[in-house]
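What follows is a pair of complexes built around subunit A, which joins subunit B in one and subunit C in the other.
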Partner chain A sequence: MNLCEKLSIPSQVMVREVGDETVILDLASGTYYGLNTVGARIWKLVLERQSLIEVCDAMMDEYETTREEIERDVCTLMQALLDRKLVSVTA
Partner chain B sequence: MLSFVPVLNWSLRPAASVVNTFTKMTLSSEPFHQWCLPDGTVWVSFFRSVAGYALTFPNIAHFHISKDGSSVTCDNAFDVATSTIEHLYLNQVVPLALGLQGKLIFHASAVETLAGAIAFMGVSGRGKSTLAASFAKSGNRFLTDDGLLLEKTINGYNVLPSHPSIRLWNDSREALVHKTATLAPPLQFTPKARILSDFALQFCDESRPLRRVYFLGDGSSPEISIKRMKASEALMALLSHSFLLDIEAHDVLAWHFDELTRLVELPIFFHLDYPRNYAELPQLRETILAHAANRKVDLNESL
Partner chain C sequence: MSQLNFVPLRAWLAACAVGNYSKTDIPAFTSPEQLVAAARAEGVIGLIDWRLRQASFGLETKDERISTSTFSEVVKAFSIAAREEALSSMIIENESRAINRLMAEAAIPSLMLKGSALAHWAYAQPHLRSCSDVDLLVPSREAGETFSARLTAAGYERVKTLGDLVAYELLCRRQVGGGWKLEVDIHWSLANSPLFANVFTFDELMKESIELPQLAPGARGLGIVHACIHACLHRALNLSTGTDDKLKWLYDLEVLMALFTPEHWKRLADLSIDKCVAGVVSDALYVAAATFGRDLPARWIDVMRGPQGNEPLDASRLSDWRYMQRKSFESLPGLGRKIRWLWQRCFLSHEYLQQLYGNKEQSYIRLLLWRSGRLMLRCVQLRSIR
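Take a look at the complex of A and B:
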């Protein structure tokens, strides 16, 4: 996972915030997923920011942890989303 | 730190009601979906056709549902008893047809209480019918044994009544139903008995406002436990208990997802678990009734 990459949400993916969490529905497969509070925050930042580097910058301001851990967690989540085709890399 | 929780694939739930006409159908394509029993046996296969959908129950019957879910026909190709066909229609086909009509319908039972309707959702074998029968026997009339149909109102949602019968395994039947209860004719595919409502097992034939939805646990809890569910948990649980015929119909799926997102804004969804013991059903009923009425409940819960 390259932190410089920009991601977008494919048209077949529906996302809804419920409470402080997020539920993602992949219309193509009928499969759904839940993101906890932190995952939901990362997802929201991905939609708002230009790159994963900026997502990590924002997370550094909000969470008391190391940059290394944030980058690892952001990359792990984004790779999981990519693997399931819930996000795609913007060319 | 991060939790990414994949949830099981959307599961098709066969649903239910009465045959209108009988016509001959030809099925030629591969099924786009199948619903299997726990032992892997195919219970129903789903096909698309020019006019809508075809459902085939192996060695039992074929049903055809129009695209908009407004009409159902049956081909009794295997010459099974009419009672079996009617049962499949009511309990397997109708809910799927209602789903095509844009109705919110779930795999759940429901009973009437003074506080409103309370529903019990859960996978097969969790005790939905047993709870419904237990409540009905003690004076809380049942609204449905399966196929919970919700109708939006100004203040929330109403539960609509379905068929006035409850299906029970023999142990529940012996524990809960009087010996002279009226039984529907036996079904060819299951030893479950279908008990028709009567004076001792009363049916509520009017809609009631939805008060609570309890998702039934697996019975591992050593005592009665009621815990509020997060909205996201409730949303995913509702998705998995929905009657949806065609998960590849994106517009229907998207509409359903949005409707459920609105539904879970209500603070009415709870996880319920309890030891499976018939002798403790009275205490369980009282606890649930108290909880639904917001009376003090003596258990470890989070209201």
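Take a look at the complex of A and C:
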């Protein structure tokens, strides 16, 4: 996963915030996923930010942890979402 | 040791829905599953979950019979159930968008009604208003037929409804993935009864309608005052068929009243008096206010209660099935329509009865007898209750 990549949410994916969780529904498959607080925050930042680098920058301001750990978490989550076609890389 | 707390479930749910509860109010000896089941029956799972999450930081109690872990279990049970509500809400929203696109293609003006509209502008989040179908209002039956054909071409199945004087709507249904079945109700009148069918014209409603950009570009819903009157009429018809007030319907009135300005109250009073439904409206508002602990503006309620005696419907008899049927009969103009209404009420089609009772094999006569037996049993039960 390249941190310079920009991601977007495909049209068949819908999202709803339920308290501090985020529920993601893939309308194509009828499958849904839940993101915990940290995952939900990363998702929200992906929607707002240009690239994953900017997402990591914002996470650094909010969480007391190392840059390395944040980048690893962001990449792991985004790769999992990409694998499930819940996000797509913007050309 | 403090007194045992036997707060009725519904009262707890109502208080919780408006965030007006204390920790020790959780009904004693009630499991989280029972609370969730009660909230589901009242259609307020998303709402209760939202309120519990807002207050969950303080969900500790010194009451020895209600442990902190019980509160956590309640919060957890609601959060799981609320996820399902969120999913259902997303599926309905997605389908509503597709329906609005089809409407635009067909150049049929329409208004979203009830929860399908309110969820997107009156509530903090769409899934807080539980919905199971999409309700649309179109200008005429012909427009409804045209749109229903479009839906059928798009994969929907037309569902048989009652006669046109008993049900002012067409129903279409579709399996929308994940085992969800979605029903689209295409109404050509605001209410499903001759009692209220002509209270408003489509043009009157369209004139005061509002945009629903959160739902879809071009989607529109009833204006706030019309939405409030509609909720009151809907309640009256529910009561007349033996369907009790659900908290979700009363809460619609609660959120609308919370958004009302003094101008809205005045408009509501003027319009409901002008349309001869002030008794029905003030009765519904009174029940909603009593349920959620809201103070009604006495001035406007008094104004609405004033002309009640001159209105065709006695708001204190909305639950009286025979009275409401008689009033429906009387409200129809001309003998021809009255006879047709009676026929449609008494002799439902074979296809409709098969759908109603889920029995595809039984003969028409058997299904009619079965229905008559059920109706007689209901009459006996109603008499014994009274």
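The definition used in the following text is that the second predicted complex is superposed on the first by the 91 of 91 C-alpha atoms of A that agree within 3 Å, B and C clash if a C-alpha of one lies under 4 Å from a C-alpha of the other, contacts with A are read in each partner's own complex, and residues count from 1 in each chain.
Just so it is clear, contacts are C-beta pairs under 8 Å (C-beta built on N, C-alpha and C of every residue); 3 or more make two chains touch, one makes a residue touch a chain.
Predicted model, so just to flag it, every value in this text is computed and none were measured.
In the superposed pair of complexes, A:32 makes contact with subunit B and with subunit C alike. Of the two partners, subunit B and subunit C, it is B that touches more residues of subunit A.
Look at A:69: by the touch rule set out above, it reaches subunit B but stays clear of subunit C.
In the superposition on chain A, A:77 makes contact with subunit B only, while subunit C stays out of contact range.
Contact with both subunit B and subunit C is seen for A:19 once the two complexes are overlaid on the shared chain. When the shared chain is aligned, no partner comes close enough to touch A:50: not subunit B, not subunit C.
Shared contact residues of subunit A with subunit B and subunit C: 14, 16, 18-19, 21, 23, 25, 27, 29-32, 34.
Subunit B makes touch with subunit A in their complex at residues 1-7, 9-10, 230-233, 235-236, 239, 247-248, 250, 253-254, 257-258, 261, 264-265. Looking at the complex, you find that subunit C touches subunit A at residues 46, 49-50, 53, 79, 82-83, 86-87, 89-91, 93-94, 125-127, 177-180. Across the interface of their complex, subunit C is touched by residues 14-21, 23, 25, 27, 29-32, 34 of subunit A. Put simply, subunit A touches subunit B in their complex at residues 12, 14, 16, 18-19, 21-23, 25, 27-36, 38-39, 42, 65, 69, 73, 76-77, 80-81, 84.
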